[in-house]
Amino acid sequence: MLPVGVVGASGYSGIELVRLLLAHPHAQLMVATSQANVGRKLSDLYPQFLDSGVELVQTDIDQLTNKCQLVFLCLPHSQSAELAAALYRNGVGVIDLSADFRLDTPEPYLTYYDWQHPCPELLGQAVYGLPELHRAAIAETRLLANPGCYATGALLGLIPLFKANLKLRDIIVDSKSGVSGAGRKPELAFSVVEATESVRAYKVASHRHQPEILSQLQGIADHELRFSFTPHLMPMKRGILSTIYVQLAEDELGRDFKAIYRDFYLDEPFVRVLDEGQLPQTRSVCGTNNCHLSVVVDKAAQRLIIITALDNLLKGASGQAVQNFNLMQGFPEKMGLTSLPPLF
Amino acid sequence: MLPVGVVGASGYSGIELVRLLLAHPHAQLMVATSQANVGRKLSDLYPQFLDSGVELVQTDIDQLTNKCQLVFLCLPHSQSAELAAALYRNGVGVIDLSADFRLDTPEPYLTYYDWQHPCPELLGQAVYGLPELHRAAIAETRLLANPGCYATGALLGLIPLFKANLKLRDIIVDSKSGVSGAGRKPELAFSVVEATESVRAYKVASHRHQPEILSQLQGIADHELRFSFTPHLMPMKRGILSTIYVQLAEDELGRDFKAIYRDFYLDEPFVRVLDEGQLPQTRSVCGTNNCHLSVVVDKAAQRLIIITALDNLLKGASGQAVQNFNLMQGFPEKMGLTSLPPLF
Amino acid sequence: MLPVGVVGASGYSGIELVRLLLAHPHAQLMVATSQANVGRKLSDLYPQFLDSGVELVQTDIDQLTNKCQLVFLCLPHSQSAELAAALYRNGVGVIDLSADFRLDTPEPYLTYYDWQHPCPELLGQAVYGLPELHRAAIAETRLLANPGCYATGALLGLIPLFKANLKLRDIIVDSKSGVSGAGRKPELAFSVVEATESVRAYKVASHRHQPEILSQLQGIADHELRFSFTPHLMPMKRGILSTIYVQLAEDELGRDFKAIYRDFYLDEPFVRVLDEGQLPQTRSVCGTNNCHLSVVVDKAAQRLIIITALDNLLKGASGQAVQNFNLMQGFPEKMGLTSLPPLF
Amino acid sequence: MLPVGVVGASGYSGIELVRLLLAHPHAQLMVATSQANVGRKLSDLYPQFLDSGVELVQTDIDQLTNKCQLVFLCLPHSQSAELAAALYRNGVGVIDLSADFRLDTPEPYLTYYDWQHPCPELLGQAVYGLPELHRAAIAETRLLANPGCYATGALLGLIPLFKANLKLRDIIVDSKSGVSGAGRKPELAFSVVEATESVRAYKVASHRHQPEILSQLQGIADHELRFSFTPHLMPMKRGILSTIYVQLAEDELGRDFKAIYRDFYLDEPFVRVLDEGQLPQTRSVCGTNNCHLSVVVDKAAQRLIIITALDNLLKGASGQAVQNFNLMQGFPEKMGLTSLPPLF
């Protein structure tokens, strides 16, 4: 059993991570921290854990170092970096679910996060934890940047095309997310009264996952891109559907795009290209680490429309973190991630 | 008081129309038909009408002709055309909420609706009832084709650009709709169990509102277009949000697009261009005949992102039908359409 | 036009009141206050009011006194009393939507609200604004205590029995409310993530509407009562369904209870006893000032089961306030309360 | 591995049962039938099962007898009895999730179900599968009647009192259920448009679980009871909250009711009496086989208010069926029922 810790265990991704780790055959949860709930039983916040005995404690670097071989950080961006650096230097493995190590260089942190990165020297060492793109590097790292939820849905829809050396100059990602993506915080905008029976876009052309997606895509094929990303808030708890529009050159319209996707994802444990006639829906992947994907060729418009669906808190956060944990520790990749949730 | 009838009064657009007409100062509802509910009181289906005394009757052309000066048809597509033709020939005004007279030529009905239009000679006489585009012609017609809900949201977002003579070669409309858009029919796919907590696309690159939108756009400026339309089903009752992506030529990036929209909609009673910093949400327009609209310039991607929100059953159906009714009869355009609904 | 003011205009009952008053033929909204939003346009908070021009200002007793003949107070309990007293003494009519004048004596305010009432001398002068019980007194008062939402649903279900001189020793009210009843405040417990897909009871046997209901019932017939009230939180925005269980003496089982209810509510403009076979649902009354009611005799258990449905923000708050306003001013009772909302 | 079958695998309880059995360490799913979907892959209906390979077949008694040692029947009432009888006579174990064997005598089937029971001789042999009440008998039977969802919630709230020999003459059960309780069928009444944002009661004083509950209670203590049961439909997918009102004799008011409940459920694996200050909510038990319970003494009204929460499809159906399966086979009672679902 590998001793692990979760920092920020009371938030939505933190608590899902605790749930997965408690059921993981090779992980032992030694420490679960929550600054706002020090001394409380986890079951006071989530009665589902009545039998677990987990108690929330203060975040303490020494305790984490002494008790854990690997620590998951589920903190808001900019609150993770220094703690991650300290643990990493103490020899503890780190899986950071925040954005703090997802970008290669410190500059975009200034632009998009209005934040001076405190340990830019580590940016080059952190591995971006999208197994479908960086599996080998993930297995070798001790500092992992877990991808953003939107970024995961966008990248899984796009990397097969980039890897196939198609020239893709124009890409639009239109994403629809449940409100848990905003994190666990009391806000009128997310209340039943104000957020159900309504749909809206937000941070149009300015969301922080945009440079994250672009940075990964240009790591594969560095041609110039026109890229737009629009996130939308849906009246539901969890799930992200991304509708991706890719302009094709006329001479590439005849390629067998479904074969490209099927081949690319053939051996992937969590990505499924749906059969002809089926389209992804978030309900079918929520509660799992799966991503469902369809490709439609819109011939008249010379365009590819790719749709991906995933659970923002699992494949988009805590499930992917456990998948990365398995890869880093040499466990089977699906370990602890196979149980099917209630079907609706 | 103008005597009117509603055919198909028990469906979602039919019942909203009945509600609006009962409150309209110059309309008198003489006949409300529903083949499945002949002889029942409307209040048996919708207890909100306990005090109205409306009874549902069979659809009878003679009765409609004798009692009504104008008839609203709220029937599924292909079930409207012959009834509309008969009433029209009898001298009765017709506002058809189905798709049967929205296209200019019979061919696309074969392609998209798998249906041989029974009275193609009327297609040229029907006026497409988008007041923001065809106000003058609407005032002159006796046969009005009320626009589709998705088409209304897309066109209101695009016509100011087309009217401004911008060359727009690449357009994507990504629409998110509540389930009432599917009509009032018992289907598992729309049940609380199967449709809440989920989002999905449907009829990708093949929806019937696609030729409707294109036909109107090319009526304004007949250049070639790459056009894609993707409808999505949201876990909510009503409302459509359309996110519209328009590729710009580089030399047009500098134009003041907000001014183009503000100027175009300056005197429109129901379309509002939101202030900088605000974005439309369906909750703010549902229950009204309004369309809220924002324009964002995505400079890096040389793209315009236009977002429109409307109520699919009002500005997207019955509210717009009443607006057209007002124009056809010479009543003030907002008559019967000004009451504010509950705020959430 | 009667000049009126709304204090606390940005909350849920405040904003619904503003909406009703703006459409009221004889009211003119002179002042709308909101301490947290001084200087903002109402449309910044609720874009539905883009055309209204209402601006939110500070609460100022002099301004309210000078500009208004009647002021509606939509404040949390204990924040209303002193302002109400001041306005009342200045000769301004007051309709208070808080609990501050609903009880006859100051003692229960200590017990249930942990609050020393600052102007107990006014408790005897305030009239409890349930028109179905106190219509005549309402017409004569200048200080009106608008009933609580739960209390309205419970009392409308019970007063016909009390007025019929039935001895009712055992009463249970089991109420189910939408979350808007909790007011407009950011709380995790009311977020989409935590409050949808869940039902729970709260304040079991200790809710503050319990003494309010009891006080009114014992004003009609002062026999001893075993009375329980249990509020429940539903995953929806608005609406209250109250299921009321009344134990009957065996010799009263044969009475025609439906006739008792029908007769009592025969001339009431807003209470409807449903036909045999129909049962109330909140959807049919939300957005209106109506209360729907059914009576079922459970013979085997010697019990009456009465079910009432109303909109907590209208008949349970702002709609009833306007109804009381009409009575106080001698306007027709339904004025400004007849428009039918969207049907779903 | 014990070979099992599921008849009616495509409905809501059927599919949840399939999910649980596929993950059960000692069960092997040999046959899954669905008359409406013969020949289809289960994943066509529920894409969650893309990797399972389960195919739906016709219901065939010989095949079920040859391939299975135990068969779960997930059919509507009255469609189960004859199939159950045939399998039982063939030596196959039967767990029937319908109502067909829940009552001891055929008469109430005529009264409440309008149905002549075809094999009344088996009613005495079937064991009512509420482990908290009949654990020993369950372990010995081959014909098990799995309790109704409402009945489970009501009985778990009441049996500790009955077992404690309290005289309880007056009981009211007010239950609130998600719409999945109505089964998987296309009906307007359960659509997003008509069932969200609304609450209503149904089958007041006439629901079929009423005789089921009474029959079990009177099996414990046969005194006369005034008993009322009112089911309500909530705008959510799953979960039942039951609020139970029990009138106490004055001399029993002083007893320690919490101790009665704690003691009774001390060793139960799935029923948890919550700590003082906590109240059950359906969200905390949905996706699990747990029942959460609170007891509140309403002293003023001499009443006990007991609240239970469970998942209608798990502890109220398929989870309890697996629990019974474990007991019948001598497996540990919690086997296959311990995984925690997503937390919201």
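The first chain written gets the first letter, and so on, giving A, B, C and D; residue counts start at 1 in each chain.
Throughout what follows, contacts are C-beta pairs under 8 Å (C-beta built on N, C-alpha and C of every residue); 3 or more make two chains touch, one makes a residue touch a chain.
Since the structure is predicted, the reported quantities are computational estimates derived from the model, not experimental observations.
Visitor: Write down the chain pair with more C-beta contact pairs when A-B is set against A-D.
Guide: Output for the comparison: A-B.
Visitor: Find the geometric centre of each of chain A and chain D from their Cα atoms only, then give the gap between the two centres in Å, rounded to an integer.
Guide: 37
Visitor: How far is the middle of chain A from the middle of chain B, if each middle is the mean of its Cα atoms, in Å?
Guide: Roughly 39 Å separates the two chain centres.
Visitor: Among the residues of chain C, pick out those that touch two or more other chains and give their numbers.
Guide: 12, 178, 180, 193, 196-197, 235-238, 281, 284, 286, 344
Visitor: How would one label the connectivity among the chains shown: line, ring, star, complete, or other?
Guide: complete
Visitor: What part of chain B is in contact with chain C in the complex they form?
Guide: Chain B residues touching chain C: 12, 15-16, 19, 22-23, 46-50, 180, 197, 237-238, 272, 274, 278, 281, 284-288, 292, 311, 313-314, 339-344.
Visitor: Spell out the part of chain C that touches chain D in their complex, as residue ranges.
Guide: Residue list for chain C touching chain D: 170, 172, 174, 176, 178, 193-194, 196-202, 204-205, 226-228, 230, 232, 234-239, 241, 243, 245, 247, 279-284, 286, 294, 296-298, 300-303, 305, 307, 309, 344.
Visitor: Tell me, which parts of chain B touch chain D in their complex?
Guide: 12, 178-180, 184-188, 190-193, 195-197, 235-238
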